[in-house]
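The two complexes that follow have chain A in common; it is paired with chain B in the first and with chain C in the second.
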Partner chain A sequence: MKKKLFYISCLIFFIVPVLLMLIKSVTTPWRSGVDLDWTSRGWEVVFQDSRVIESMWTTLLIALAVALINLLAGVPIAKALSHRSFPLKNTLEVILLLPLFLPIMAAAMGLHITMIRMGLANTWLGVTIVHLVPTIPYTIKVLKAGYDRIPQDMLSQGRMLKAGVWQAFRTIELPLLIPSIRSSIFLAVTISAGQYVLTAIIGGGTVLTMPMIYYPFLQSADDTVMAAFSIAFVLIPAAAIIIAEAAAMLVAGRSFMKRRGEV
Partner chain B sequence: MKWRQTNGLILLLLPACAFLLLAGGSLLLAFMESVRGESGFSWTYYSALFDRRELVDSLLYSLIITFSSTLVSLAAGWLIVRSFYPFIDGNGKWMVWIPMLFPHFVWGYFVLLLLGQSGLISTFLLQTGLLEDRTLFPVLVQDQSGIGIFITYVWKEIPFVILMLLPVYLQLPKQFKEVNAVLGGSGADWFKTVEWPWVKPVMFETALIISAFVFTAYEVPGLLGVSYPQMTPVLAYEWFYSASQDERTMAFALLMFVALIFGTIALIGFALMNKRRMLLSKSSHRY
Partner chain C sequence: MSLPYLDVKSVSKTFDTNNIFTDLSFSLQKGEILSLAGPSGTGKSTLLRCIAGLDYFSQGEVMIEGSDLLNKQIKHRPVGMVFQQALLFPHMTLLENVAYGKKLTDGKKQAYEMARSYLKEVGLDQQLNQYPHELSGGQQQRAALVRALLLKPKLLLLDEPFSSLDPGLRKDLREWVRAFLKKEDMTSIFVTHDKEEAMLLGDRTAVMAEGRIQQIGYPEELYHSPQNALVASLYSDVIVLDKTRYCPAEKARWSSEKTVDGEWFAAEWVNETYHFGRRYAHVLLDGGGSITIPAGEQHSALKGYVIIPEDEIRYFHAQ
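For the complex of A and B:
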């Protein structure tokens, strides 16, 4: 009974909105007195607009770069926070979370002039850097929770068997961290793909990500096109996860082959 | 050995320090912009803020929306996790993740599509004859009181609250329930001595993340807001691009003022809770 209630409310509040939007994207505008008709016009407008296609690539590229830097920065500090003890550790953990509680718009505005001086304003690299501010705290949180679940004994065992830092990471920590890594990539990608203000300020209208096009589209396009565009946002995390899994398989496959070759 | 270990530690901390330099540096730069008067250092822009009627109204408006949407989404999310957490962890989790896939403004557009005067619900009511005219449908979105913004945030943040609180409930040690029962504790005792201390830190953190986000994010009020009153981030964004240098500086002052308030709440809160957090994290290592 309780289970049913949960599934039904999830369905109504989380699934039905997406379904309605999907239906909306393949039907003519719903007006009273006019018959409903199927149409592929919404999706055609979205996918035939070269600016939209280009913005999808830009969004994906920036999101992937953000996710990658997030992992490179997040894994080491997560390990330190979880398995090492050093002075001011708790303070450092709170300070690293602090950007989540502060207006990120201030960070973007503060960086604006410096970015112009360094030639990073209006470039995708500059946008990538500013997207790190709202994403890295989440990555550290997620990865630290992942490291917390790895028992210290397991790491000690690796050390006892004379595993080097890199080998211990690859054979013990990395496999156990996979779920956390997956969630942090997902979070970083969705947060990066949903940024309007940060991209607008640092990208200056030159770096066109999907949100940069979404707002002007709202003024001109009808609901059928907007619904299709809205659903298209799912493509970014979906593509990012597929790329990340493929990359992981490539890396894991190669190391596996190498190990067999050595034996 | 000792030296190598500390050395390794520095390497582990290095990327995070670079990040702190970026985040802290950007705030410092923003602060320097906010105190840059015509002849050097000046606090005048901070006091000038409160001479602007639109800002005082905007702060109040933002405060009401932030407080109400944080409270409602926290309460609803908590209630859902408390009652359903065994199912959410199984097959239910992907459903909760669905709204997380979409940016906030897409959800805002959906709310507009659903509840707007020419939205789905009003069209449906019109079709069925329950409503005579569209204009009779209440203005729920792009309205003066910010109901559309409130609905969007609550709808979008409930899944976030669920995903934040879920691990806490899944890690609640089951033995504690037995201990409570054996010692003759009631449901209220269970809540007071086990559940609440366990939930409190995460609850505080979640509340702070949501309220800081709602108070300072431009995307949703930029889409669903009206021209007066405006939420604080919309005002700051407009001032930043204003032709007048004074308003540009005031945008920085406004955001630094907000940052100061949220930063202070966060630091004091975590300092008060840190002892508890440490105890919790130590005990959760051993199970």
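For the complex of A and C:
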């Protein structure tokens, strides 16, 4: 029964809208009583604009960089929060979540001045750094939950079996953390790829990501073009996740694949 | 006299300002198994973790085969450890789990070969490619033991390895573990809070309580001549009368009347059980505390007296 409900809601809320959008991107706006009018105009308009391909690359690279920094910072912080006890631990945990409660504009304005001083305004690096503000708190939260599921003694056991810190991380922690790592990459990539305000302020219009040109397109009010553009937009997180998974597979090796098959 | 194989010299552990344990000393001969018994929260596990290198002593020295253990990094300490849970890595097969440590030091081929032969010996060769969740609790714990032994440590630490298993399995496994450790001639320290388990597994037992080793010796010594009230109540079946005197529980008897030759306690008969053909009474002393004594031929009575015959009263031999 539950499974049925899941499939039905999947169909209604996910598969049908996506299919409709796919059809819409290759037809002119449909009116009742008229046959579908197939056209490739939507896709042509999107890819005729040379900025689209360029911004797709920029968005992808920034999203991947954001995801990578998220993991590099998130894993040690999450491990400390989950497996160690130190004074003011709960306070620190709350502080690390605070960026989510701060109005994004307030953070952006303050950071903008700093970025200008440091010469990072209007650069992709600046944009990458500012995208950490809305992503790192989620990553820490997700990875901490992942570490909470690994008993501390299991890591001690690894050390007792004479694994060094890196060996233990690669062969025990990483494979067990894969589901959490996958979620945090997904979150970081989609959040980063969807940022408009932060990118606009820090990137100053020179760093062109997909949202930067998506919104102007929105004004064209051409449904066919918009549908094609939206699908192109979805390709970015999809590509980022494929790349991230491939990288994780290289590091964690076979155990990574096995975890997938097991579920 | 030959030098002890393992020599633990007056080690202490302080956490913040609390002393977890102070000035513990004991030594083991090669192949000897020491049971470390005592109530939970007395630092038994902490002691093991400090010897293993997962924690640090505040003071003291540990020598193994004449060389200092504590200045070695955890990676280079010849010490293995089995935890309360089997802690097999869930993403690896049984074979990969058991070979894990050996693989890091000796390479895959040799590790797998050795793991296979050990697993065959302990009857787990049909499960080589199964994942931990497919194994029973007893199989998992056996695998954990083999995994630790594969590295051929000089000292094996076992931290209540049976506590997560059900009683029947526990019984089978502890006999098997003792036989296996003896066959491997493995010097071991085994932590438990169960006195029967301590007697069954260890050659000698150290009773640890209140941050000290209260007494260390063979089961017979601990059972028949406890040094103080703490050891008596933890390890032996006695009725502690006061700080200096006790009476073996088997010498006490139940009576519905007071007596003149000896001591008595007013008590309430709660229940009775049978062990090896004898009937035992579980009684609740009016002054607090419950004890088990031979019930004799007496009919159970709700109210009565526990009689301690005068000539059965013994004295603790504190050293």
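In this text, the second predicted complex is superposed on the first by the 238 of 263 C-alpha atoms of A that agree within 3 Å, B and C clash if a C-alpha of one lies under 4 Å from a C-alpha of the other, contacts with A are read in each partner's own complex, and residues count from 1 in each chain.
Just so we're on the same page, a contact is a pair of C-beta atoms (placed from the backbone, for glycine too) under 8 Å apart; a residue touches a chain by one contact, two chains touch by 3 or more.
Given the structure is predicted, the values throughout are model-derived calculations rather than measurements.
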item: Three-chain arrangement built on chain A, chain B and chain C clash or fit; value: fit
item: Touching partner for A:K79 - first (chain B), second (chain C), both, neither; value: first
item: Partner chain(s) touched by A:D153 [first = chain B, second = chain C, both, neither]; value: second
item: Touched partner set for A:I172, first chain B, second chain C, both or neither; value: second
item: Partner chain in contact with A:W57 - chain B first, chain C second, else both or neither; value: neither
item: Contacts of A:V197 with chain B and chain C, given as first, second, both or neither; value: first
item: Chain B versus chain C as contact partner of A:L161, first or second or both or neither; value: second
item: Three-chain overlay, vertex chain A: chain B-chain C angle, C-alpha, nearest 10 degrees; value: 90
item: Superposition-derived comparison: chain B or chain C, residues of chain A touched; value: B
item: Nearest Cα pair across chain B and chain C, whole Å; value: 6
item: Residues on chain A lying within both footprints (that of chain B and that of chain C); value: 151
item: Residue ranges of chain A in contact with chain C within the complex; value: 151, 153-154, 156-164, 167, 171-172, 175-176, 255, 258-259, 262
item: Residue ranges of chain A in contact with chain B within the complex; value: 2-3, 5-7, 9-11, 13-15, 17-18, 20-21, 24, 30-32, 72-74, 76-77, 79-80, 84, 86, 90, 92, 94-111, 113-114, 129, 132-133, 136, 140, 145, 148, 151-152, 165, 190, 193-194, 196-197, 201, 211, 214-215, 218, 223, 226-227, 230, 233-234, 237
item: For the chain C and chain A complex, residues of the former touching the latter; value: 49, 52-54, 74-75, 79-81, 83-85, 87, 89-92, 100-101, 104-105, 131, 147-148, 151
item: Residues of chain B defined as touching chain A within the complex; value: 8-9, 11-16, 18-20, 22-23, 25-31, 33, 80, 83-84, 87-88, 92, 95-96, 98-107, 109-110, 113-114, 120, 123, 126-127, 155, 158-159, 167, 205, 208-209, 212-213, 215-219, 222-223, 233, 236-237, 240, 251-252, 255-256, 258-259, 262-263, 265-267, 270, 274, 277-278, 281, 284-285
